[in-house]
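Take this structure, written in structure tokens, and hold onto it; I'll ask about it next.
Letters A, B, C, D, E and F name the chains as they come in the text, with residue numbers starting at 1 for each one.
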Amino acid sequence: MSVPSGVEGFDRVVDGGLPEGRLYVVCGPPGSGKTTFSAQFIAAGATADERCLFISMHESRDDIARDMAGYEFGFDDALDSGRVTFLDAFSSDGQRFFGMPGDRRDTGSITNRITSFVDSRDVDRVVIDSTMLLRYFTDDDDGTMIRFLSALKRTDATTFLISEMTDPRAYADEHYLAHGVVFFHNYMDDGEMRRGVQVVKMRGRDVDTDIHDLRFTPAGLVVDAPETAAR
Amino acid sequence: MSVPSGVEGFDRVVDGGLPEGRLYVVCGPPGSGKTTFSAQFIAAGATADERCLFISMHESRDDIARDMAGYEFGFDDALDSGRVTFLDAFSSDGQRFFGMPGDRRDTGSITNRITSFVDSRDVDRVVIDSTMLLRYFTDDDDGTMIRFLSALKRTDATTFLISEMTDPRAYADEHYLAHGVVFFHNYMDDGEMRRGVQVVKMRGRDVDTDIHDLRFTPAGLVVDAPETAAR
Amino acid sequence: MSVPSGVEGFDRVVDGGLPEGRLYVVCGPPGSGKTTFSAQFIAAGATADERCLFISMHESRDDIARDMAGYEFGFDDALDSGRVTFLDAFSSDGQRFFGMPGDRRDTGSITNRITSFVDSRDVDRVVIDSTMLLRYFTDDDDGTMIRFLSALKRTDATTFLISEMTDPRAYADEHYLAHGVVFFHNYMDDGEMRRGVQVVKMRGRDVDTDIHDLRFTPAGLVVDAPETAAR
Amino acid sequence: MSVPSGVEGFDRVVDGGLPEGRLYVVCGPPGSGKTTFSAQFIAAGATADERCLFISMHESRDDIARDMAGYEFGFDDALDSGRVTFLDAFSSDGQRFFGMPGDRRDTGSITNRITSFVDSRDVDRVVIDSTMLLRYFTDDDDGTMIRFLSALKRTDATTFLISEMTDPRAYADEHYLAHGVVFFHNYMDDGEMRRGVQVVKMRGRDVDTDIHDLRFTPAGLVVDAPETAAR
Amino acid sequence: MSVPSGVEGFDRVVDGGLPEGRLYVVCGPPGSGKTTFSAQFIAAGATADERCLFISMHESRDDIARDMAGYEFGFDDALDSGRVTFLDAFSSDGQRFFGMPGDRRDTGSITNRITSFVDSRDVDRVVIDSTMLLRYFTDDDDGTMIRFLSALKRTDATTFLISEMTDPRAYADEHYLAHGVVFFHNYMDDGEMRRGVQVVKMRGRDVDTDIHDLRFTPAGLVVDAPETAAR
Amino acid sequence: MSVPSGVEGFDRVVDGGLPEGRLYVVCGPPGSGKTTFSAQFIAAGATADERCLFISMHESRDDIARDMAGYEFGFDDALDSGRVTFLDAFSSDGQRFFGMPGDRRDTGSITNRITSFVDSRDVDRVVIDSTMLLRYFTDDDDGTMIRFLSALKRTDATTFLISEMTDPRAYADEHYLAHGVVFFHNYMDDGEMRRGVQVVKMRGRDVDTDIHDLRFTPAGLVVDAPETAAR
């Protein structure tokens, strides 16, 4: 089954929606739209009465509510609906969940806490913003990302894992481990900065891998994909 | 003797099929078709009543079955045929085989378990998805990949080892150690993403080393190689 | 609410001013205008009777006063207004605040000293020049920048953190953690060096991400953004 | 005195043959022809009734015999002639010679074993496939390659040392230490992959350093160098 | 107040001379003119009866005297005037000052020795050739350069610190810490090597940041900047 | 005073010859002519009845004699003249001088042995082939090259230090420390490999920094510099 992304035009790129229960890595440079994309995904879930979890290293609940208040996709309503658990990693709730900053735990315990939460509450949609969480709360080694993603892939939730990249020319383990990879692009075109989105990988589906224009509109992010984009 | 790859058009690129009993490294960026290519290779083996082993770090048996269900090359029938052993490295079977995640073993023991399995059961086709297995389950050093590939090369099976690459401009030890190397390419051509496949190495055979177009079709991956591709 | 930047033309780029109470990373090559930009930001605050804090690794109070004396935006008046606390990290005051050079402290204590100062005195505008402060006064590790920025984001002040970059092609953690990122550019255009400013990220606001010309004038830095720059 | 390489056209590039008793580094990307080139060199030696040693990390005797069986330069006859000692580093003979995999020895002992063998049996031609041998069997440090090549240079044999390269843009110590360096190239030319060979260094001889086309033919590798190639 | 550089044409680039009492980093590839530029700066100081200090890792007093003897800017007279202290880091005087080679001291003590000398003797102009001094005489770490430059900036002297660069595409800490940065360029133009000088940073002054031609003449280095170069 | 280089055309590039008693770094890719250039320099010295020292990591006396036998510049006569001490670092003489391979000494003792030899025997010309000597015989650290070159610069000999480079785009400490730097180039020009030589640095002399064609001729290397090359 397919899950609607909540982003106008995007579902056409992935041939009707995101395969359910899978793990998607969302990556791109700073300011490229990764968080807004994820917020629309959560809002669409809450609207459909699904259970949602949003874990953030970057935003408090108040900050993200304020950031998304300018858009009409109803993120505020989602937060108030009782369907969305928002976990700010630096709040006191967050610290109970992940440990005190600087008091590093092993990947296993953080992974277990997230997957137990997801499994025990039948969470449908998860956003984790971002992989920086692993570098901050665990003693990061070669196996950390492998272990973390492999566990997330085994839950029943449809999960977005936001991934920062320092070197845009290289691939990372999470790109290989995820079921799907969505890149957000900022690129110069004729002296002007343009935005784009590209699905470079989607297991089990022959998706459209071209770069499509992405616009911020009052309704949130909109992808300019033709009706017949997916091949 | 040559082994049919199960991918339409590909055998023309390698002059009639893959030399039997050899080790092939299959590499490319995320989403380039490495896993589908390997699944077609296994399906072709099961159809020909050969014994097959598919080891995966990336997919559960259910996930890969679902991913390949959209294609008509019969991967589901292969899984059900009794000819294919599918080993999910993160399942409880996988953990008995490779050890608990985080409980690192030496390369020798993992190598022995795989080669013993292959030798004792006369396995004909092996897929290992992917080299990330070594980084995860062993204390990876300079000799790990050398030892692992050298042992795999000595079995009688025809083996695909999927290799992730972070820096597409560099060669790795596995490219030098394998009998053959197949690259999957995603490249921009006139503003559009195109797929290609290229055999950069095939010991003992003068293969066609050009990049050939690769398409996802209902029948699975298809290579657009002319009838006279191999020189 | 929006905070005027104090830089002519810049507020048009960010759709009317900087969202209040947020953390902005200001980065660019040596000599690109980061410090002058920050001084104008502080002068605008002092003029509006706001409380300001300027922490510098790079300049003594006398040096920066002399540097800005050639401009008419009134930095000297700001320093004399009693509204601005200028903390030179290498002065005796600075050493009491941050510790003796070479006598490294943990990030936590430096972060606490800054945020306590900001919170207890209701500081409205903060400039930290620069992230080199962390490398110098703390035992820098992966978590240092994450911890430092996360704490700064939680104060009520509008904060500029100046960030040096050694490799202009890579992104750094602070670009992902900040609410906004402003890049200063020096680029060759037809054999001549030109200056530009670009807002690559501004959470919760669809800013103009083009590069706009930047000029040093007697009034300080001026951005050549059209009246309708923000979209 | 000059030694015929056994590769049609190549001796014209090096002004009549390879200076005798010297060490040549043969490098290039995977699948570029390094092993076939070396096999022709050994076959030419056996035909001329010279004593030959072929040490391989990559191939068993059976594998290389099968690989070369498609060519008419007589490698099989060479192996059967009694003039060629083939040492497979992973065979039981190989392990007696180099030690068990993982049971690392110092460079000195491996170097001594090879040079003693060469000296005591008056070996005329040596192929070592490849420098990976050092990384695998010794604790590789800065001095390993220097020590190994310096010892090989002092034997009377004409030696080919195959060298893998990960970064094609950089030079390695072995390129500076060898008497000669032969590069194999795979390059795109007008949308097609072409092969080439280039002698970048040959002490004591002013060789032709251009890239010459290289073809796989039934007779083995053939270099398209004009009769007057060497200057 | 402004200090004349002693280099014809250069003062026009920096709007009338170098701001007094500040620290300038002078960098560029080998042979680009950094030392000659610095020697002219010292000669101009001695002529104006200022006290000068020239610290060199690279030249003995005799060597530099001989090198500059071919120019007419009077470096020999400067050395003989009694106004210039020349300290050769490898002479016995240098070793008393900096310690024996190999007998590494901490940055603090070397920094103190230089700043005490400058302060106690009211030195007006300092040249330090080069930052290699820190790598050689101290246990170089992240804080070394920060500590050293911050101390030099606090003296009353106008200081040139020559900085070698290995990667011309990257910025270094000293470029951010200095009051000004002067780059010397060697670049190919139409098949010919040309020299240029560029002021990329000058705190408190809106300098001309274009690259200007630089020539070696009998009078020493001459910058081809128009009379109206500074804007 | 100037020393003739022994290479036809080269002295015109450096305005009449190499300044005497100085240290020159000679660098370039493998096979670019560094050793032949150095051999001509030694032959010119022996002809002029000067005392010469040639230290080699790369060649035995016999090998280099044979390599240079094809040229008419008289290297063999030089070796036989009694004016040239040839020290092969891997011969038994070399091992007495530098220590057994693997038996690493500190830079100081190797430096002292070379400079004592040069000073006590009034050596006029020295060639050290190459900096690999330091990496092999000493525990190489940041200070090794600085210490070694600084000591060599203080002898009265005119010295060539051959330097290998792995990354042709970066500068190394020895380029900054030497009195002069000579680069040998191999470059593709219209599909053909060409040779060139370029003096990028020569303290105290305004040399011609263009790339000049370099040819191997029966007389040895010849530089195609016009009579009026030096400016």
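Observations, loosely collected:
Heads up, the rule we're going with is that contacts are C-beta pairs under 8 Å (C-beta built on N, C-alpha and C of every residue); 3 or more make two chains touch, one makes a residue touch a chain.
Remember, predicted model here, so these are calculated numbers, not experimental data.
Chains that count as touching both chain A and chain E, per the definition above, are C. Chains making contact with chain B as well as with chain F: D. Note: the chain lying farthest from chain D is C, by mean C-alpha position. Simply put, chain D must spin 60° to overlay its Cα atoms on chain F, rounded in steps of 5. For chain A, the chain with the farthest CA centroid is F. Centre-to-centre separation of chain A and chain F, using mean CA positions: 59 Å.
Inter-chain centre distance (chain B to chain C, centres taken as mean C-alpha positions): 52 Å. The distance from the centre of chain B to the centre of chain D, with each centre set as the mean of the Cα atoms, comes to 30 Å.
The set of chain D residues touching two or more other chains is empty. If the chains shown are joined wherever they touch, the resulting network closes on itself as one ring, and no chain has more or fewer than two partners. If you walk the ring beginning with chain A and heading to chain B next, you pass the chains as A, B, D, F, E, C.
Taken together, the chain F residues at the contact with chain D in this complex read 29-31, 35, 57-60, 63, 66-70, 90, 101-102, 130, 132, 135-136, 140, 164-168, 186, 191-193, 216. If you check the complex, the residues on chain E that touch chain C are 108, 142-143, 146-147, 150, 153-154, 169-173, 175-179, 181, 198, 200-206, 209-211.
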